[in-house]
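Letters A, B and C mark the chains in the order given here, with residues in each chain numbered from 1 onward.
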């Protein structure tokens, strides 16, 4: 199937909720749309050869950040959402120079520990984040005075954000930035010998992924209206890995496809969580077995420039 | 003559082993400078310290008056010192043309800020590509995947890529390694032309005597990490300590 | 007060050491970060819940059975799923994620999400230098020390143990010397799962048994191993003691979440400054 066909199929799928006009379908579609920016952010990191488990942490910061700005400081949601994402981006830019010196498995473990710390802080600092009981009272999103209360409206917002991030990643992929990322991934020593500041580019990718996650988080906060720390835990990292593995790592369409395929499962099986887990685990395992070269070399063997 | 590279008392230790010991020399602008020595003499380590892969244990390296000792290899490259590799390092799955293009892109946009700053500006170097390809003799191979080129041509591509970032000083790590005799001859010619026609200063580390003797203006000989001779090819060839160091090795001082 | 903290810390650290040993064994020999380690712990506990709690088997026998079941499953999974991925750190890790999720979901499906209590084989406390030591934890401690001793002897004096050490240090030379890596991998994974299963079985009556019970011990093992050095057995012991003690101090001073945060901060600092940990060797 040519990428164009897949793209068109996805566009058509995006219209399905209006055809079916079901509240439930809209909800699932919105959740897919919320996941897409994060999955794309993760994908960008994978393209530079790093598996990051910090995405849930950045999503959480975007979510809690936007929510708290709207609740405590009465910042209009239209500003609060990007502000929350910006907070995530700033944190990434701050820890990036330290974290990104580490590569491979150790980087994974590092971001895993980082994610756990942030999550535990969400749990512990009940005064600010509401702890395990959750943060309530997030106002509805309002756009120039129009309050968004219906799911289809949030779906539209989700589509907008997803499209934005998708286009950004696509642009990066096709531009010289994509060529630079590829070069760094294929042969970092050579790239640096010609003068590429590998560290700066990695920090940029990391910050971008955090911004995307922050956007996802902000939208999630306003959509659901309530936040609890277990939405931003290790499980989410695994979900993102599964989404990217199943959807495909090499193009920006991959994570989108992966999200469409994998996100409905936990929503539909909300009462049968164990089966959702089983399917996720099996999908991952099937992927690892049949794509025999393994995820790592997939990451390191990008398609040649078209 | 203006000094471009100044190495002072450079020492590099690895645990108990001193690979490079108190090496000093300077390379003038427009010179072709060679570093030779028997196997295990420490040439590669010396090269890698200058190129920024290792920090010196003591001593300093100055490029055009600026201290670059211990700086990262990419920072040094941005200051005008490019390097080529002993074994082949190219983006093998991409075409020769793409390789050269990438070298230019990478050099021009070394970090995201530089990328966005340059987006609006016209690309002066973009016209450079065919000229570089012609200079190194790769015009006929531009569309071939770099990995499919003959070994010698891949090494030449490496040189071409270094040229795309317009270096002042080109560090060459055993340019003749892996080449057959006619390729070696061609390499020598190319090195000369880099200096004669483009004014690039060259520092090379090499095993191949005929090449070094034929191409270099001055040569530094090191043995067991220590400098033992520095001078023109003629001076070095007849230097007693140099001959001694190489005794037992099958070298022909051409 | 101090004595209580010390005693608590020591008791906790012994189980961490057992878990960490298995975790680091797998990494040292196969270079796989086993995110499913907690699930083998859970499996051991489930077996004890069933055999001792439901069927009334003698406690120690049930624990051993738990260890054996975990070990057997581990060997099978190693042969089928992990062996093709030896050396590919990233894929091995992701595979272990998949295995962990699947095992957890099977447990969820079979037992439901609720945690279950079981009859306690030991109760009461005794006094050690002024600190109250629960008998059940004492039994765990003594058994842990026994397990450690047996493991140490195995590693030092058995052919298989020596072969494992050889493969951990230099797999190529080891194979040149005729050591069959496949056997070593199976043994390493099996023993690691045995250790996890025994740990889970021993700890089963202490708290409750549930499908998620392996998550926390795995986290602890992870922290211990990073601190001690991925692949280092003495590191696992040292790390276990340090983490157990520091955790005890912090839990008493603040609460258990603070202790956990501190543990992860330690991980962060270690990976950034000295990835090989306290006693680990640098990667090849």
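What we mean here is this: contacts are C-beta pairs under 8 Å (C-beta built on N, C-alpha and C of every residue); 3 or more make two chains touch, one makes a residue touch a chain.
Note that this is a predicted model, so its numbers are computed, not measured.
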Comparison of A-C and A-B by number of C-beta pairs in contact, larger one: A-C
Chain with minimal offset from the mean of all protein Cα atoms: A
Farthest chain relative to chain A (centres taken as mean CA coordinates): B
Cα-centroid distance, chain B relative to chain C, in whole angstrom: 52
Distance between the centres, which are taken as Cα means, of chain C and chain A, whole angstrom: 32
Cα-centroid distance, chain A relative to chain B, in whole angstrom: 43
Chain A contact footprint on chain C (complex, rising order): 33, 81, 84-85, 88-91, 93-95, 97-102, 104-106, 108-109, 113, 219, 222, 226, 257-258, 260-261, 264-265, 267-268, 271-272, 275
Residues of chain B touching chain A in the complex: 51, 72-75, 77-78, 82-83, 85, 89-91, 93-94, 98, 102-103, 105-107, 109-113, 115, 145, 161-162, 164-165
Chain B contact footprint on chain A (complex, rising order): 176-177, 179-180, 182-183, 186-187, 189-198, 200-201, 204, 304-305
Of all residues in chain A, those that touch chain C in their complex: 51, 98-99, 101-102, 104-106, 108-110, 113-114, 116-117, 120-121, 123-124, 238, 241, 245, 273-278, 280-282, 284-285, 288-289, 292, 294-297, 299
